[in-house]
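Next up: the structures, one after another.
The two complexes that follow have subunit A in common; it is paired with subunit B in the first and with subunit C in the second.
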Partner chain A sequence: MSATAYPAECPAGRNRLIVLMLLVPGLLALLCTFLLPMAWLARASLSAGGMTAFGSELTLANYRAALTDPFYWQVGLNTLWLGVTVSVFAVLLGYPIALFLARTQSRWRGVLTALAVAPLLTSAVVRTYGWMVLLGDRGVINSTLAALSLTDAPIRLSNNSLGANIALIEILMPYAILAMLAGFGRLNPALEEAAAMLGANRLRVFWRIILPLSLPGVLTGALLVFVLAISSFVTPRLMGGGRVFVLGTEIYSEATVTLNWPLAAALAMILLGIFSTVIVLYQRALRGLEG
Partner chain B sequence: MTLKHSISALSLAAALAAAGSAGAQTATVTVVGFSGVFAENYQKFIIEPFEAAHPDIDIQYQQSKNSAETLALLTLQKSDPTVDVALIDVSVAIKANQEGIFAPLDPAEVPNLAKQPDWARIDGDRSIAFSQDNLTILYNTETVTEPPTSWSDLADPKYKGRIAARMADTRGVILLPILNHMAGADYKETIDPALEAMNAFAPNVSTWDPAPDCYAVVQSGEVDLSICWNGRAQYLHDTQGGIIGIAAPKEGSIGQTNTINLVAGSTEAEAAKTFIDYALSAEAQATFAEQSFYGPVNTEVELSPETAQRIYGSPEAQAAQMTLDWPWIATVYSQWIQRINREVIAQN
Partner chain C sequence: MQRVLWSGLIVLLYLFLLAPILVVFVVSFDTRNYLAFPPESWSFGSYAKVFRNAAFISSFGRSVVIGLAVSLAAVTMGTLLSLALVRWKFRGREAISFLVLAPFLVPHIVLAVGIMLVLAPLGLLDSYRGIILAHLGITVPYTVRTITMSLMAVDRRVEEAAMVHGAAPLTVFRRITLPLIRPGLIAGGVIAFLISFDEATISLFIVSVKTSTLPTEIYNYLEISTDPQIAALSVILILISIAVVIAVERLVGLRKAL
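This part shows the complex of A and B:
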């Protein structure tokens, strides 16, 4: 805009115009594939019981139905709890791997990094089925335990929230590792050497130097896993045996079984609200860490 | 192929195309419906004989993953439909009728309407039931030596952790009236006895949402019993080595009801009505029942005792077969699923 106002005097403005022009295709694509559907979803969540989102009056009834129903509060809490446990364990288990990959001098480093994130090349559905084979009542683990006469009856490892948690932790761990690996660039070996020279033992070096410096990476990894976990649908559905009620599964069932699309839209908007809150809190926390 | 042959083949093709356009009466009717075995059987036993009898009508069958997806498609196309006929679950059809998606059929134009029972003519002849797939109990013939005979066998402690039961959909909505009937209660008054009966077998349930589906988990031996649809199970019994057995309970059952519907605004409504009339005929329904074990609706269909056995179970079960007041069920459908989720599944 400014470029058209000051064409001659302001070459920087022309540059800006070019930048804007270059952004247009991307912005248009974003508008069509992301913003418009989102707006439609928001509009659908404000419709009355019917299925055609437009043309009827606006109502907050769907939000009222969702927010006054203790069952949906329970579902919301289940979702947050799933997000917390999965992100905590994914980060705990991924941290040593990420730290090792960040610091190793091995010539295999590239290969090892590729191995750590290789599971992402396989669809989450396929990996979930893999976990079903391992954790089922007649799965690899239970049949091994039974063959060794360690158990009389199969241990319930799947078709419940334990199974959903185990599978999600493994499925989302590569994201945690990648995010932490990117965040570990600030780790400077010189600082550790300095600390060691000043008499700190390895535990103290870890506790006072490595951990604080790696916290932003840890936080990014945890946030990424948390957001992916609370919006997950396939794994809780396949591993949960119908017993794991989270927002993803409820939105699916309102949309496809009971065909209450406005309520499904309202639940999706609530999930979006939770996302936004978490991201705002994360940015505050990150600023706190850096400031 | 020589050049000469190619040329004559080409001119033949051109001549055929010209003949086709000269005829110009060929109507193409698009039917959207269930996928998988149903689609194969419907193509083979309903569409092909129909096209043979009506060379001027071409039927395009479009598969849809489930009725909800079909409804989404029809809702999006409401102002300019590309689909002429939809085959969908009755509960979804009733939802669609609230949105005015289907057009009423005229008994004068679709004479076979007169041969359908009253319960099958839904929402002022907008949705017509054409087949019923019974809810039944499947068992793994290798692990279960003594198949169950009654719905109450589901609560037998020997099946602890060995049952797959998807209840939070039409399966649960159909099982409630059955369990209620066994307890001597009327589903229009209360479903408490049925929920209690569901809770009685709930401790035996290993999964309330079998993956990939309620048939595969029996076939693989992951569970002993599964509450599932009869038609597909009979097909898998015949094609997958008989590992899946079907134990139709003696108290009878209720079928998941499939309806045929004319889409409002269809550009090929005349041809579509001709097809619907054929699909509702005793001949078409008898063939479909014999071949795919979906219960017929047309009152003139006479089933052989063997087919009746495979669709409904023992003569005792056949006599006990029930139907539901679907328009009434549609008003409580989501409420019942909510109660199953909250009062049974979430408690177990």
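This part shows the complex of A and C:
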């Protein structure tokens, strides 16, 4: 591209001032809306007080409170478990769609791709509502089962972790599909034809050629869904009907109901720690796959 | 046979993906004041109720105003940052590029607690300034990304030609660069608006009655009741999203913009 023929210049004299002026507004905004909040979060997690006002001394009491309470261990495990099930199913269910979109010759391909990611355009709150309609006691599934006289009483599909899982799988699936679709560029039909000509059946072609080549995309999709699932709170809270306890819902209730801000901050820092660990592990795994 | 099974699977998976949106459409025509399926009678009653619901109407208006303000500010800051990062080499450029994208690496719920802690002592909880600031941090990374991409595609020779012919740098920017990066500006602005308009997590931590946005209003409503009004409202919101996307497509072409 022609733009590369004109590399960025080192500013001198008056230009230095121009660069500074270009940077200042954006950097100020990022300082106020990102750096400061993160610093305050870390600071508040080390404060005593237990309410919305905190003193100046530093203490690990909030972390101790969170890490010695069996309830929060359960919450942590619930969160990880939610992340694992949601990412596994979102990838499993998204994989066929991504594979289909990657290789279809249909002239509807653009429309079908748009349809697969269209849910991203609607707010998670709205789609969670859709799942309440589907899975509620008088919802689509239970009314249909009752109309067919297959059940006497409604099956509990919502207000529990099953409902939260199902809704989150669907809500996060478009991310998995997009990530996998981007990774499927490595697939090469010529390789599959070669394998088929050498006598491999379709299952073998899939197992030995398609799957290994698409693994990086699958890993990226799974990571994306995992980190979004463990930090979700609107869907677990609404679908769980107050009976699903994950880090997201607990952070929200400590921050807005119990008003124990230092504890909310400590829980948020713990979530951030899990989040960063998973991203580092992912980068290791990806290097292992490619190296 | 295999082919049929494969197609069937794809159709089923699409159905799963679109199921919540489809049922919301159906339920929105129900008029009972509790959630049930299928609708007993079909009407636009729920839509009429939405338009008479003062809380929804006023929070919708607030969300639009906040979204427009966020989008304008994020595009302005994104343009300035992109110009500095693409056009100039300076000490700390790498660090700033990383900082600009860093909000992508932090879950919204974590950032939400931090923003709440910063806004509270300033008295900015439940204020327009507070919520616009909060949304700015999560949208600037997107505008920087789209505008940087447009800026890198600009042929610098065109700008130089204008300069050689005596145009002042500001004139060159206004008459040459700005029109050339317009797709990036529009895409960034639309993305910023939609993110702000749909944002529920951070807003729930920092708004209350005075500045409740539409997503927080819907969330609070759903905690108590699940009647078809929300379905009608959802359909309206989905139609608005589609209209925005089609408008962008017509204006600049979606592929070019993203």
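Quick notes on this one:
In this section, the second predicted complex is superposed on the first by the 254 of 291 C-alpha atoms of A that agree within 3 Å, B and C clash if a C-alpha of one lies under 4 Å from a C-alpha of the other, contacts with A are read in each partner's own complex, and residues count from 1 in each chain.
FYI, contacts are C-beta pairs under 8 Å (C-beta built on N, C-alpha and C of every residue); 3 or more make two chains touch, one makes a residue touch a chain.
Just so it is clear, the structure is predicted and the values come from calculations on it, not from any experiment.
When the two complexes are overlaid on their common chain A, residue A:41 makes contact with subunit C while staying clear of subunit B.
Using the contact criterion defined above for the overlaid structures, shared-chain residue A:190 touches neither subunit B nor subunit C, since it reaches no partner.
In the superposition on chain A, contact of A:243 is made with subunit B only, not with subunit C.
A count of residues in subunit A touched by subunit B and by subunit C gives the higher number to C.
In the superposition on chain A, A:159 contacts subunit B only, with no contact to subunit C.
Using the contact criterion defined above for the overlaid structures, shared-chain residue A:71 touches subunit B, although it does not reach subunit C.
Of the two partner chains, subunit B and subunit C are each touched by A:256. Of the two partner chains, neither subunit B nor subunit C is touched by A:198.
After overlaying the two complexes on the shared chain, residue contacts for A:150 are found with neither subunit B nor subunit C.
Contacts of A:138 after superposition: both subunit B and subunit C are touched. When the two complexes are laid over each other on chain A, subunit A has residues 52, 129, 132, 136, 138, 238, 255-256 in contact with both subunit B and subunit C.
Subunit C meets subunit A in the complex at residues 2, 6, 9-10, 13-14, 16-21, 23-24, 27, 34-38, 73, 76-78, 80-81, 83-84, 86-90, 96, 99-100, 102-103, 105-118, 120, 133-134, 136-138, 140, 144, 152-157, 194, 198, 200-201, 204-205, 215, 218-219, 222-223, 226, 230-231, 234, 237-238, 241-242, 245. Of all residues in subunit B, only 66, 68-69, 71, 75, 78, 92, 95, 98-99, 161, 166-169, 206-209, 211, 221-222, 333-334, 337-338, 341-342, 345-346, 348 touch subunit A in the complex they form. Taken together, the subunit A residues at the contact with subunit C in this complex read 1-3, 5-11, 15-16, 19, 21-23, 25-27, 29-30, 32-41, 44, 52, 93-94, 96-97, 100, 115-116, 118-119, 121-134, 136, 138-140, 143-144, 167, 170, 173-174, 202, 227-228, 230-234, 238, 248, 251-252, 255-256, 261, 264-265, 268-269, 271-272, 275, 279. Partner subunit B is touched in their complex by these residues of subunit A: 50-52, 71, 129, 132, 136-138, 153-154, 156, 159, 237-238, 240-243, 245, 253, 255-260.
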